[in-house]
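One structure, pasted below without further comment.
Letters A, B, C and D mark the chains in the order given here, with residues in each chain numbered from 1 onward.
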């Protein structure tokens, strides 16, 4: 019997190595696998590259991980949000490398990784600082930038419902990057609010099929707090 | 009030021009917008390029359109199926141009068109006849082929349910290429088995949001016949 | 703004939003940036069906909820609580930017620091050495939407023009802007530069030109 | 096949399928091609959870339905009626080939005309001038799945070897095959060519070599 559920955050995060690239679902506070992100601290893994839309806020989740000094590099579209003080002070102090990526390019690079597409052209960023030094090409009369797939060693996902095959559904705007990072992670780890029995999720409504999921931990942790 | 429903197949297909590229959803007989495809004959549009996984069978749908001599070129992954006699005789007679594309490349080229990605690299087809003459490049230690987006002037979609904003759900394996061609068509036309009231479709379960859909016609035409 | 002694009054942020809302017809799919653009939705009557999109995968955003009806799982790209109207739906981030990049939005309205007469827009970074840069979806939206409108004050607080010959701030996109709504005027970006469609009552083209670096032309 | 007078019996198609099924562990995600590969599913007991994928967007295919329980909306990539087991789900075609190309499948089993000792596979066209070529998902599956196994007769009906030094038919993919299951043997493709893992009872390596163009090596 396939059962991707594990008993604890520690089991869920087992084996993550120093230097790993970690992809995070979530947009702002919604749909972030906060317990898994904070759990990374206990694993001791360091020198991490973290890919996330935002750089965390306050002292929770990614901000806590940053504060613990475990992150070498952040690949991010919008690090500076209300309360992102830990990120800002580390960045100003030169203790954190930042690769700034347009949000759609960030999503598409991870989707490409998940879909076996190693590189693609996009019109986004042409003629801007974020395309400096990148290969460009005219296709269909318009200039485009070549962007590369962004795979993760690990993806951390927050789901609303999961079954033992790892099929996932999300809640409202909690979907966001989660299905994308789930595809792009070589090891995809999920924290879910609710457990569904196998067959309980309508097959027409599964958003992330279990093929993209390796481990699931049940954490009924409640609503996101902005 | 937005209402994408039109009264008839004729209204749904209004304005399609000679020389158009038409993308078809469907895989085998399942999920094919047969009434819209046959309706193309009455529009008089000719010199069409049709993009479809299969080349039709018997004397229905795409096979009828081919027989009527309206198709100049077929872009297809698996034209030769049981009953594809009309395609085979036209092709042998040199009366139909064929661009054979691996199925995943076909899907990805249309998805790219819908997502504003003009070209991408893929490992599929490298070293084969289907990559002859195409640009290749090593990315990540592996050779890839450059493939281009495949947009349609028109996409013909079959849905199970649609509402007046054009939100769609499909039925089982009837999903297949339909959400992909819906994204890639500049004019996306849907035949739906069922009409849903606005708000009746659970927002978590819409597969094709109405933003990809221009016109919908209600045709409760029953089950596909293999 | 160093206002000349004049008989005209600049639009408030709310009035700017209302002015933009007037020009959005039923049936358009629209993404609204942070700031004045977000206010535009409040001025589109609910019965005029305009479908608002947010980068974080929402189509069909409705009016903001009152405090008693907040759904903590439903925020927009500006991280504000929103509602979903009947007919709305959720998509994931790659699909959401497929919607953007693939030219499925009829309109995007963004704020900006500067717009050039060529349609270049600068709206994401104020200097080459920002303390912590953040770009979000601005570059994708600017190149992807079928029309890009900008909503901004006509000049900076110090009176420096924002409608310029060439942007001095880091670019968001090249040649992307179709129209600019300021607190003083509405201007189309044309191959011949900015063309004034509309001004606040009492303002003359000469007054406006004085507050603008780029050369303005009147609507023909 | 020109069979030497010998005490061995080639496997039937069903036996080949059963042999392959033995090697598929629980938990694998597997795509099965047309022909003998499709039969493999029948030999994986339902309690050993193997999740079968079809190119047309199905994950979790169950046993074939009897005539009374056919769902006309549920076919596999070979256009045969199938069922969906609890835990199954549907995805669209671009996502389905994302699953394939993105190396999410543990295994794909395909039929073939020829496999070369380098792992090249030819399985989609029998000549350079086919009356009407068709490739389907073969090229995507061959390059995309983590492991590609081939199921085929060891020789053509005319006795011509199918395990060759270099394919004579048009290629499907280069260096893609990991293992070949024939009606006579199981062979791994290694950097040193075909290595025989298993043969039907009574068959010797010399017998097998006689029916094979490529040079065989024994399992060490």
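The rule we apply is simple: a residue touches a chain if its C-beta (ideal position, glycine included) is under 8 Å from a C-beta of that chain, and two chains touch if they have at least 3 such contacts.
In this text the structure is predicted, and so the values were computed from the model without any measurement.
Peer 1: Express in whole angstrom the distance between the two chain centres, defined as the mean CA positions of chain A and chain D.
Peer 2: That gives a centre separation of 35 Å.
Peer 1: Just how far, in Å, is the C-alpha centre of chain D from the one of chain C?
Peer 2: Spacing between the chain centres: roughly 56 Å.
Peer 1: If you average the Cα atoms of chain B and of chain D to get two centres, how far apart are those centres in Å?
Peer 2: Computed value for the inter-centroid distance: 29 Å.
Peer 1: For chain A, which residues are shared contacts with two or more other chains?
Peer 2: 108, 111, 115-117, 122-123, 170-172, 203-204, 207
Peer 1: Going by the touch rule set out above, which residues of chain D reach two or more other chains?
Peer 2: Residue numbers touching two or more other chains: 84, 90-91, 94, 97-98, 100-101, 144.
Peer 1: Could you classify the connectivity of these chains, where an edge means two chains touch, as line, ring, star, complete or other?
Peer 2: other
Peer 1: By the document's touch rule, what are all the touching chain pairs in this structure?
Peer 2: A-B, A-C, A-D, B-C, B-D
Peer 1: Which of the residues in chain C come into contact with chain A in the complex?
Peer 2: 54-58, 71-77, 79, 81, 84, 90-94, 96-98, 100-101, 125, 128, 131-140, 143-144, 170-174
Peer 1: Show me the residue ranges of chain B that touch chain A in the complex, using the header's touch definition.
Peer 2: The contact residues of chain B facing chain A are 108, 112, 115-123, 137, 139-140, 142, 144, 148, 169-172, 202-205, 207.
Peer 1: Show me the residue ranges of chain B that touch chain D in the complex, using the header's touch definition.
Peer 2: By the definition above, chain B touches chain D via 27-30, 53, 77-82, 84, 87-88, 91-92, 98, 100-105, 107-108, 110-111, 122-130, 170-180, 207, 223-226.
Peer 1: Show me the residue ranges of chain A that touch chain D in the complex, using the header's touch definition.
Peer 2: 1-2, 111, 113-117, 163-165, 167, 183, 198-199, 201, 203-204, 206, 209-212
Peer 1: Using the touch definition from the top, list the residues of chain C that touch chain B in their complex.
Peer 2: For this pair, the touching residues of chain C are 26-27, 29, 47, 49, 51, 53, 59-60, 84, 86-91, 94-95, 97-105, 144.
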